[in-house]
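Scrolling down, you'll hit the structures one after another.
Presented sequentially are two complexes of chain A, the first with chain B as partner and the second with chain C.
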Partner chain A sequence: MTDKELFQVSGLKKYFDQSQGIIDRYLNDTDQVKAINGVSFAVERGETVGVVGESGCGKSTLARCLINLENPTDGEIKYKGKKFEKFDSGEMDSFRKEVQMVFQDPASSLNRRKTISQTIKAPMEIHGIYENSRDERVRELLERVGLSPDYANRYPHEFSGGQRQRVGIARALSVDPEVLILDEPVSALDVSIQAQILNLLKDLQDDLDLTFVVISHDLSVIEYMCNRVAVMYLGEFMEIANSDVLFSNPQHPYTKALLDALPQPVPELARKRKTLEGNVPSPINPPSGCVFHTRCPLATEECSESRNDPELNSIDQSDENHKVACIHVDEVTNDNLKVDSNIGNDGNYEVENFNS
Partner chain B sequence: MLLILVTKESNRLMTEKILEVDNLTTSFDTEEGTVRAVNNISFSIEEGETMGIVGESGSGKSVTALSVMRLIESNGSIENGTIHYRGSNLLEKTESEIQSIRGSEISMVFQDTLDSLNPVYTIGTQINRVIRKHRDMDNKEAREETIRLLEQVGIPNAEERIDDYPHQFSGGMRQRALIAMAISCNPSVLIADEPTTALDVTIEAQIFEVLDKIQHETGMSIIVITHDLGVVAGVCDFVNVMYGGEIVEKSKTDDIFGDPQHPYTRGLLRSIPRIGKEEDRLRGIEGNVPNPAALPSGCTFHPRCPHATDECRQHDPSLQEVKRNHRAACIHIDGYKSLHKEDKEIIINDRKKGESDD
Partner chain C sequence: MFYMHILIHEYVYQEGTKMGSVSPDSEADQNKSTTAQRSLLQQFWKNYKNNYLSIAGGAIILLLVLMALLAPILAPHSPYEQFETSDDSKFHPAEPGTEIILTNGDGDIVEQTTAYLGTDNVGRDILSRLLYGLRTTLVIGLSVVITSLVIGSLAGAIAGFYQDSWIDNAIMRVMDVIFPFPSIVLAIALLGVVGIGETTYSLPILGTVAVPNTAKIILVISVVYIPRFARVMRGAVVTEMEEDYIDALRTIGASDFRILLSDVIVNTVPSVVIQGSLYVGTALLASAGLSFLGLGIQPPQASLGLMLSNSRDYVYSGEWWFSVFPGLLIAITILGFNLLGDGLRDALDPRYQGEQ
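Up next is the complex of A and B:
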């Protein structure tokens, strides 16, 4: 435990009761959705941690647990060395101020009856800060996120999707947070707008010393944004590593499958896309043993035995950040993943060569 | 004798292109005035080919598909152009003639599988109905055919799953079922409008594998409409890039990605972070996607284009061949000016006009 660690998550579990009929409830026969099933990791100051996975893997629930919107079923989350349950009301207030969230859908996360100035001011009012300079602060924040300060009195419907996401970011920044939790920050946006928002987020991080937790299904967004990446499947981490290591030397068969399935805008690579068979199993009744064994090309009988649910383990003593949950990890070869940025066109066009 | 040979030859040429769209313009009456969603676009597709239409929201790519299917809503109309399917113009057909083509000769798969399927009928009933409308089969034969189709698109236990309702299928399975429905009458052209946008990447790869397999078996042509350049790179033989209702660049897939010409295509490709490439910043495109109800004058891309000049603001460039089989609509591309005197004259005239106005 160092001072650098902002979040310390250990053995986190979050189960939801499946809503069912009154008789099932009376008979105490409810199913549980195991959204998060034993996840441990830490977030250090100044870094960007990514959580990547397919729909239903529990990544958004994880984000909600991190900002204390959900009570964990088991396990604990510490913020700055202290468990959430132990916070007194003052500490809870400052936690709520220091950790802010940016949501996926900028249309539904803004109140359409309020001007964006009112929306951006609300967190400052709640926390009682910038009391005499809130209008000034709104103008400053709008400029900071690339919007004209003159837009302050407009309503959300007057903005495009990308502009609304900028408003959502301005709102999150209004109370000088230390951590931003970004849940699919660009997946509702057009490709050309995604790049603008990603650039903006990187600039803000540099200028304001922010720590980011980025939740996304998009591997290329995760790679661009993050220092460290966790790959999540059915409520568990399959692999966690520094970003450059994860993308150049993936070890877990699921990480490899995700990378193989990624449609890259390079025809030579995209045509070699490989297919992972099967569907994600139900989180109500996840497979025994390793949760990925039903789709894994390397699965053996051992993998399905319940005592063999693999833990995240370091695979390389020189790199303790790289941990993999797979008993076959030595057999995962790297021959079928070759990401060569020299193949095809890498998207760098010299403007000088472009005659006008 | 010669005459017969000539007709035969021309017949052969006629059948090569399955679908030919020429100068299609589709507009809608809205509260904001007339919106020209698709503006004078042309493309064609041959048997067994896969063509991509790629663009951002509001670029007109879905309206293009709906125009070909003659499914434009009542506030919209096809103002201009022709759509030839196997040599006959679809726009001249009556509604009942179109109905016998739609779903049978040309069929479509949509993005949202829950909206496309009726929740109160089983999957089997819905596919059955399409088969019995277009093919001469009784109920029992149609059911057997439905099971065969579900197996073909990779649904396990098809014999049992045929009686499931849509909510009992996962998203990927529903898309497979919709593909089964779309191919049930052996269409010559399948239009897939964002077929995998709602699906996870691993499921997306499965769906395109199924489409590829069916294309190999039946030789149908596929039009893929998507915002995802990665999908286009993986499955299409050639690509049309749409922006503001117009096609701004078209070529073979390898040329679009390997040597993009239009500033919009270049910007779009730069906007995507690449795996395995150290990037500090993405050099994407400035500004916002234009509102189709208020398109800029001249070249629709000029407000966001780093190369825009006064000429661009006044003059809407048409698609011109800038390289072999590679066409783009931008007056600042090298090959463009020398090749196309007409455009040059227009520009010069515009300039003169501008000067005299001053």
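Up next is the complex of A and C:
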């Protein structure tokens, strides 16, 4: 635990009760959706941590737990060395001020009956800051996120998706936060606008010394934004590594499959790739042992034994940050993997392969 | 081919100027940024006035309210004065348009005039009684709706806000018990409890409080309508709670109180207001029904329901004006409120918003 660590998550679990009826509740065991099933990681000041995974793997729940919208079923989250439950009201206030969230759907994240000026002012009112200069602050923020300050008195429906997302970012910035949790910040936007928003976020990070947690299903977004990436599958982390390492030297078979599924600019290469078979198992009843074994090309008998649920372990003494949850990780490193990884080590693989 | 070239050229050219003219936002929708800023109220009025039926409904209600308010000025006589027919000087019903006279105790003629809508079985001027009766009936209808709308939607909003909690269950189960009773039956039962006529209660702090009969009627009919508003409001709030902006407010640190009052209720009130305008008609009918059964407004006070009730015995004997005029006025009032309600719904419905 160092001063640099903002968030410290250990053994985080979040289950949701499935059945609601009274009869179910008293007669049967309630089904539980295991949205997050034991996740540990840390977020350091100034870095950008990405969480990537398929839809339904629990990444949004993780974001909601991080910002204390959901109470974890088990495990703990520490912010600046202190658990959420132990916060007094003053500490909760400063947490609510220092950590802000940008939501996925810009249409739903703004109140349709309030002007954007009212929306951006709300956090300042709640925290009682910028008492005498809120209007100027709104204009300043709008300009900062690339909108004309004259738009302040308009309603959300008068804006496009990208502009609304900019308003959402302005709202998050209004209380001078330290951490922004970006839950799929661009997935609802057109591709051309995605780049603008991502660049805006990067600029803001440089200028305001922000720490980002980026949740996304889009590997290219993650690669562009993040220093460190966690790959999530069925509520568990499969692999966590520095971004450059993860994309150049993926170790877990799931990570490899994900990278393999990226659209290739060269059609000839796309034909070679191997995709995963089958569907993601239900999070109500996840597979025993390693949750990925039902779809893993490397899976053996022992992977499905429940005592063999693999922990995240460092695979390389020289790289503490690279951890993989797979008992076959040695075979993977020996390139024994049947999944053909096209993502090469050097980045210019497409052209070479295409020429040959 | 040539034309196509021009078309493409033109398209590119326009796109280019578009990009150039909208300063910071290349994604700005040109149309939206050039429309003058319009408040939601203006938007509402624009939607509302396009519908002739809504305008008609609004005009009817406005006219009726003015008539009721100005009853003392508009009514040719007091609603309680008994007139004699001028030909035989007896208190018997006068047909519309006949001469009537008012005498004092000594038999001298005080006033001689025409009964435009006739007189009733004890010689009271129907036109005057209609105007005063409209007054009573509108006061009851509107008070019932306002009372039950405020109480019902507050209860529903709290229930929806804390969805599935004990407080939600407590509130909604009580509502479920009240809901299935036919309104008249429940109102009769409640009137049985509170009694008919003015009652004085001695209360610990307030001292003796006299509760007039009208207030009791308003109260019992309101109870009938509370669950309807509660259900509509709860449904609207539950939908609203799924919007991301609620989570955004939570992550900012807004209190439940603030979220509920300043955001959720503001957005859900239109749906109960629509419901309310439609229920004014049925509440009127319920109060008229109670009067008809002799449980509502007590004679000699004038109310449309009571007039209708009195006319029952005269339907076959030929005094058609007893029943036709109050019946017609009730029908017009209900029609007006229904048209108004439909117009409000169309104008406030989110599906119509932002399309112009």
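The working rule: the second predicted complex is superposed on the first by the 320 of 356 C-alpha atoms of A that agree within 3 Å, B and C clash if a C-alpha of one lies under 4 Å from a C-alpha of the other, contacts with A are read in each partner's own complex, and residues count from 1 in each chain.
Just so we're on the same page, a residue touches a chain if its C-beta (ideal position, glycine included) is under 8 Å from a C-beta of that chain, and two chains touch if they have at least 3 such contacts.
From a predicted model like this one, the values you see are computed outputs, not experimental measurements.
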Request  = Have a look at where A:T300 lands relative to chain B and chain C in the superposition and call it first, second, both or neither.
outcome  = neither
Request  = Would you check which partner chain A:N313 touches, where first means chain B only, second means chain C only, and both and neither mean what they say?
outcome  = neither
Ask   = Given the touch rule stated above, what does A:L276 touch, chain B (first), chain C (second), both, or neither?
value = first
Request  = Have a look at where A:I193 lands relative to chain B and chain C in the superposition and call it first, second, both or neither.
outcome  = both
Query = So, does A:S248 touch the first partner chain B, the second partner chain C, both, or neither?
reply = first
Message = Just checking: does A:S133 make contact with chain B only, chain C only, both, or neither of them? Give me first, second, both or neither.
response = neither
Contacts of A:N285 with chain B and chain C, given as first, second, both or neither = neither
Touching partner for A:M92 - first (chain B), second (chain C), both, neither = second
Task = Scan A:S108 for contacts with chain B and chain C and give back first, second, both or neither.
result = second
Ask   = Can you pull the chain A residues that chain B and chain C both touch?
value = 160, 162-163, 190, 192-193, 196
Query = Within the complex, which stretch of chain C touches chain A?
reply = 23-29, 32-33, 35, 37, 40, 164, 243-245, 247-254, 258, 263, 266-267, 350, 353-354
Query = chain A touches which residues of chain B in the complex?
reply = 56-57, 170, 172-173, 200-206, 208-209, 227-235, 253-254, 257-260, 263, 266-277, 279-286, 288-289, 304, 306-307, 309, 332, 334
Ask   = In the complex formed with chain C, which residues of chain A make contact?
value = 20, 64, 67-69, 92-93, 96-97, 99-101, 103-105, 108-114, 119, 122-123, 126-127, 143, 146-148, 151, 153-155, 157-163, 168, 171, 175, 190, 192-193, 196
Ask   = Inside the complex, what are the residues of chain A that reach chain B?
value = 54-55, 160, 162-163, 190-196, 198-199, 202, 217, 219-221, 223-224, 247-248, 257-259, 261-267, 269-271, 273-277, 279-280, 339-341, 344-349, 351, 354-356
